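Should a chain be cited, it is by its letter among A, B, C and D, assigned in written order, with residues numbered from 1 in that chain.
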Amino acid sequence: MALSFTRIFDNDWVGPGLVSLAAIIGISIFQPSFLSPFNIFVLLSAIAVNMVIALGQLVIIGIGQMNLALGAFGGLVAISFVAVMELYGVPPFVAVIIGFAIGTLAGGASGFVIARTGISAFIITLAGLQIFKGINLGITEAQPFYGVPQSVKDFGNLSMLGPIPWLVLPMLIASIGMWYLFTRLRIGRYILAIGGNRTAAELSGINVTATVIWAHAISGLLAATAGMMLVARLQIGQPTIGDDWLISSFAAPVIGGAVLAGGHVSVAGTFFGVVIIAIITQALVLFAIDPFVVQIVLGGLILWAVGINRLRELRVAKLNERA
Amino acid sequence: MSALQVSHVSKAFPGVKALDDVSMTLRGGSVHALLGENGAGKSTLIKIMTGIHKADSGSITMEGKPVRFGNPRQAAAGGLGVVHQERNLVTRFSVSENIMLDRLGKHSLSSVDYPAIAAEAARWLKLLDLDVDPSTPVSRLSVAQMQLVEIGKALSLQSRVLLLDEPTASLTPSEAQVLFRILRRLRDDGVAIGFVSHKLEEVFDICDTVTVLRDGRNACDSAGLKSLNRDDVVQMMIGRAERISKRAARSKPATAPYLELQDYSSTAGHKDISLAVRPGEILGLYGLVGAGRSELAKAVLGLSGQTGGEIRVAGRHVKINSVAEALALGIGYVSEDRKAEGLILLHSVLANAGITVWKRLANALGFLRDATIASHVGPVLKKLEVKTPSLDQTIGNLSGGNQQKVSVAKWIAAGVKLLIIDEPSVGIDIKTKAYLHDLIHELAESGTAVLLITSDLTEMVDVADRVAVMDGYRIQGLVENDRNYERVSTAIMGLIHGRKAA
Amino acid sequence: SPALADPGTKVALVPGGPHPYFAAWEQAGKDAMKDFNLGAGDYRVPQKWELAQQSTLLESLLTQGYNSFLIFPGDAVGTNATVSEIVDNGGQAIATAGCLKDPTPALFCLGTDTGNSAYLGTKELIKAMGGKGRIAHFTGFLVDPNTQLRIDAVQKAADETNGDVTVVQVIADIDAPQPAEEKINAYLAAHAADVDGIVTTAWVPAVTAANSLRKIGDKRIKMVGIDHDEVVLQAIKDGFVNGTMLQNPYGQGYLGSYVLDKLRTGCTLKADAPWKSNALTAKFVDSGTVFVDAATADTYVDAMRGITKTLLANFEKDFMACK
Amino acid sequence: MTDATSNILDEATPEHRRGSGLMRLALSNEFGLALLIALAFGIFAMTLPGFTSPFSLFTIGRQIGIDTMIGLAMMAVIVTGGLDLSVGAIGVCAAMVFGYLAQIAGVPLPLAIPLAIAFGSVLGFINGYVVVRSGVHSFIITLASMSIFFGIMIFLTQAQSFNALPLAVPAMGKLRVGGPISILLIITLVVCAALSIFYRYTTLGRQMLAAGANARAAELSGIRTGRIIIACHMLTGGLAALAGLMLTARTGAAVPSMAGHLGQDWLLPAFLAPVLGGTLLSGGRVSVIGTLLGAAFVTIMTSGLLLMRVGEFWILACLGLMLLLAVLADRLRHQVLRARGMI
């Protein structure tokens, strides 16, 4: 009995999950409007996009690398997505396919260079960041594209069911897909094997080159998805989309228990990591914190959330020791 | 026809000629020993066969056809199974996933059939007498169990050629016997087996033919083992006959114990441990794998909590909370896991050998020079014949045995009052092993207290003064060592199995 | 007159980073180059909105032989060092669209009086709200000292109503589309019923808030925005936004280039010119602000042209002494 | 990860070292970077008028000085296999403390400077202490502390700058010695030399590398890993503060925005220089010279591209492409050298 209890508490997502739950309960006591349908809608819209972004980084964390170009992929896809619709009148459905293709190709290309040259992913994706962001600026000259069709706007704006926005749909597909990938698919296991012990994976006959390319292509695909979701949500093709993805794309997975060195990730944990960050962002607005202290409170809340999770881990370790 | 033939292979690393015109022939239905001192080039030869390294010159043929594997994947596909000297497991993954790692699915997007994989893995675990649940994460296994998983992984490929690089280094004799049973069966099925070991008894036990390397050259190329005796082989390996001086039992020092445990219990699970090590004494700690010896050493170093009893160092009651505190009390520890705990593989030989003495050698401002460190650790490294192109060589590039020597040497150089030595001779060649034993004795003669943990009973009988026997995280008894192998081993086994029976 | 102009005047128009606000500078520079026979009238954009990037670019432009600069200061104090370097090397600069803090080596500041613009905008908002109610204020980065000026100006306009109007919330640090969207939506979700008016004093928040009001379909909440983004103008026409405070980027670029050329070819600035003064500098020239509402949304360009024309016609007479 | 071979500062002493030493030098990251820098510099100098003008050389040198210092600050904590997102925030906080001391409190510069650096170390200590005691990855801890440090600074200063510093401060930013060389570059070179010695010749420096490469092995060798990691964070804080002061000298004022929102503008140069220079992100290996060369490489490339007047919006893409080509060329050099058996 005690053992199964420990087992559950051993899961990466439990800590962030409990923190999220506590935060939701706490905030809604002081601010009942927090649980109003519209607020839930707003919260879910933010979570949906940020989760897909975090997943895009999660694959790369899993393989023990980092993708600094994630936001640049997303931004480029976002503006290309709108550009082909606005300039060439491409129907949204086809534009989405084009967006997926650009993201996957960009990711695959950077994966290819990383895998074939053995140069640190940090450097290659940094170069990628500059190249793709540069192309973005070259195309847009920092001007937004406005020609977002109504159907796309609706997707980012309307609810699917009650307070659940349509945007949750791609997030669900991506999350379940990535969970399945990491736990059940060969490619996912290989990604984690390489992240866990690259030499061992290589000596065991895993095709490291192909796996690295896969991981980066998947990352690009997710970045593309997030970029297009943002277009739908922001109703406009902003060239600045993706500029501020980097830190939060790492923060959510790490809060969710991912090991930055690779080999261990948790999709559910990442989800709650995203939820925590979204709730913190909202709470700062809801409680009308003086803008000059917002940053202080934000940092404090991050520490608080991490601290709670850490306490849980220590408890589990203690229980394990006794068992 | 030869199953695998290596002809005139050479390989140079920066500063080292690892292999020089080496040839070897493996035949189906035979077990072929590959012998040589530490750094002779055995592992390098195996890595060349399996496509990890590229030979500078020479050729390899399999069943008469020339092959050239570009990477391990091609080698495996070409019918070459291998257990490398270094452990190569994804420790976060389960045992079954590790065994079947390259066969998790047909293509990238196929789903992993976990039950099928577990069933297949279980088959090999059973064959190896390894009683672990296939779903256990490898990180929970002991060193020996991990080694067996590695072997299971290679066996499960069911390849025509099987290469084993020191598979028994961290196994006990009984586990090794299980492995040999399997190897004999494979041999009888016509598999060609290459076998690297520093334990000559094993070699004579199961091998038919032998290739000996000395300094990267063939000292003999695929000779029959029948016609050779132990001395011949040793002669080929080290260029002269080995003199094993049998040590006499040493007089017991009458000094007060340096380290004394009394009814000591730990969070690691130790119960009521009582033992004492005196300056100048070599106390052996023997037990089967998982008996809790390494854990005891770490507990004493402060890595686990103390839940009962007392630790006394030099007669004073102490509490030790960290290794640094232990070191301050004059206690050092040679880890059994050199890769994870013993060495910093990224750093140079000198940095690794000197790490324990930096503080001591630094001047008042905390400055120290390489030359100072080299002059201090150099003699020990020389004595253990560490083979390295330079002290600046990255230690991860040394041969396994030479790495092990450095991880022992750094503590011998540290000049501690009590040295806990955990499995010191894993992967060390016979000559160095003798030197190492000499060093341990010299250390004791100069008044150091030594706690020796080894699973090698011969070594235990050869080196220790007394042997404490441990099982199930408890001390089962104490055996005086009179260097009579028969008597001592019977007594030890009696203590272990006596409890089992009870 | 063009005949007097010197092709040796090489003007560079340098914004703080890529931003749609400055798009009009490019055309303004080109037009000025043609109209005034300048050696160059080049719009050069730092790759990123970073003080260091802008300084590097300015230093490089100086090396390239530009001698006259229209600079949007990356920082009101920090950019002074770079400008003083320009001056030390024989160049000249006008702080454009934003001011440098005195003491400054810049000739003068040509721009929108940000505080005054925010003040006027808030006044318009209060008028639209019928003179009483609660206002939320959305603005940009706190590290930009203009942000503080704007916060104060909005507060001042509210204070003048003697308590009829209160500023209930200031949300800052939302110059990127994604956080802006998350925070503004979160705020409206919880507090839409508690506010009667919104004033935005930065480009991105204006766009986002306009979109949000459209999304919740609320025409009760009055809003005054800033700048001329298409989204904002369309929202004005559709009645979701009451109006926007327009600045005059084209005029800044055009007039600034003209003045720089004049000053290189024999003119000097009059000490007793009718300088205005603001919180940062005592040498300020207002490039003009107009309030645009639904009635003027289609014709605002003419209004701006008019202002530019007037400024150009009077500048030499009022501010310069020429041989 | 890049396979940088060991430190070029290795003394090439006894006989057997010499041969492999030269080869290792030829294979090292530092050598490759130096080669690329020489190449880029040569090409730019020949094709771009103005590139070698005293003013241009001065600004390039100054930029290298500042970016290297930022890179060194991050390098000092990358050693542990961790990172410090708050370097920018620490740098700005220390600069603002300096501004307060020098402008408002009237503390003389020789005292204000060390005080500000010490303040940076204190902030670093807070990071290190929390990282070690909580066992949470430094990424998260410094993500939070970045927000907190910067938030407190903005709250206290209300985003106002100190722009009436003693005249010696802006003068430092403009000071040239030996022709076109910025004093800030000289300061950085001195710090580089000191750090090289520190990591190579002191117990503490070596312990930092050991604890970073394999914390468990280091712990089992009697190194107090926790304290060492805290020391690394303190070193980072101190260096970040120094970088903040150098930037203050360049700007002539202590400006809250000089490292951007939350100090994030520093992150790119902070990581880029050490990683290009061969410092391993996983910890345990540093290259001080490499960091200097990395910063120099990026600065020279940027400067050259700006002078080449690539279309304004395309510069970023070109920069990325050049970076990519540069690392690929260096990799190719490795392969050719290896294939020729020259190493």
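Here, contacts are C-beta pairs under 8 Å (C-beta built on N, C-alpha and C of every residue); 3 or more make two chains touch, one makes a residue touch a chain.
All of these numbers come straight from a predicted model, not from anything done at the bench.
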Minimum number of chain-to-chain touching steps separating chain B from chain C: 2
Chain separated most widely from chain C, comparing mean CA positions: B
Geometric centre distance via CA averages, chain D-chain A, whole Å: 29
Interchain centroid distance [CA atoms averaged], chain C/chain D, Å: 36
Distance from the mean Cα position of chain D to that of chain B, given in whole angstrom: 42
Mean-CA-position distance for chain B and chain A (Å): 44
Chain C, residues touching no fewer than two other chains: 18, 45, 47, 142, 173
Touching two or more other chains - residues of chain D: 154, 158, 313, 315-316, 319
Touching two or more other chains - residue numbers and ranges from chain B: none
Inter-chain touch pairs (all): A-B, A-C, A-D, B-D, C-D
Of chain D, residues touching chain B in the complex: 6, 10-11, 13-14, 16-17, 19-21, 23-24, 201-204, 206-207, 209-210, 213-214, 216-224, 280, 284-285, 341, 343
Chain A partner contacts - residues on chain C that touch it in the complex: 18-20, 22-23, 45, 47, 142, 151, 168-173, 176-179, 181-183, 185-192, 207-208, 211, 215-216, 229-231
Footprint of chain B on chain A - complex, ascending: 184-187, 189-190, 192-193, 196-197, 199-207, 210-211, 214, 263-264, 321
Footprint of chain C on chain D - complex, ascending: 50-51, 53, 55-56, 59, 63, 154, 158-161, 163, 170, 173-174, 250-253, 255-258, 260-261, 265, 302-303, 306-307, 309, 312-313, 315-316, 319
Sites on chain A touched by chain D in the complex: 113, 117-120, 122-124, 126-135, 137-138, 141-142, 247, 250-251, 254-255, 260-261, 292-300, 302-303, 306-307, 310
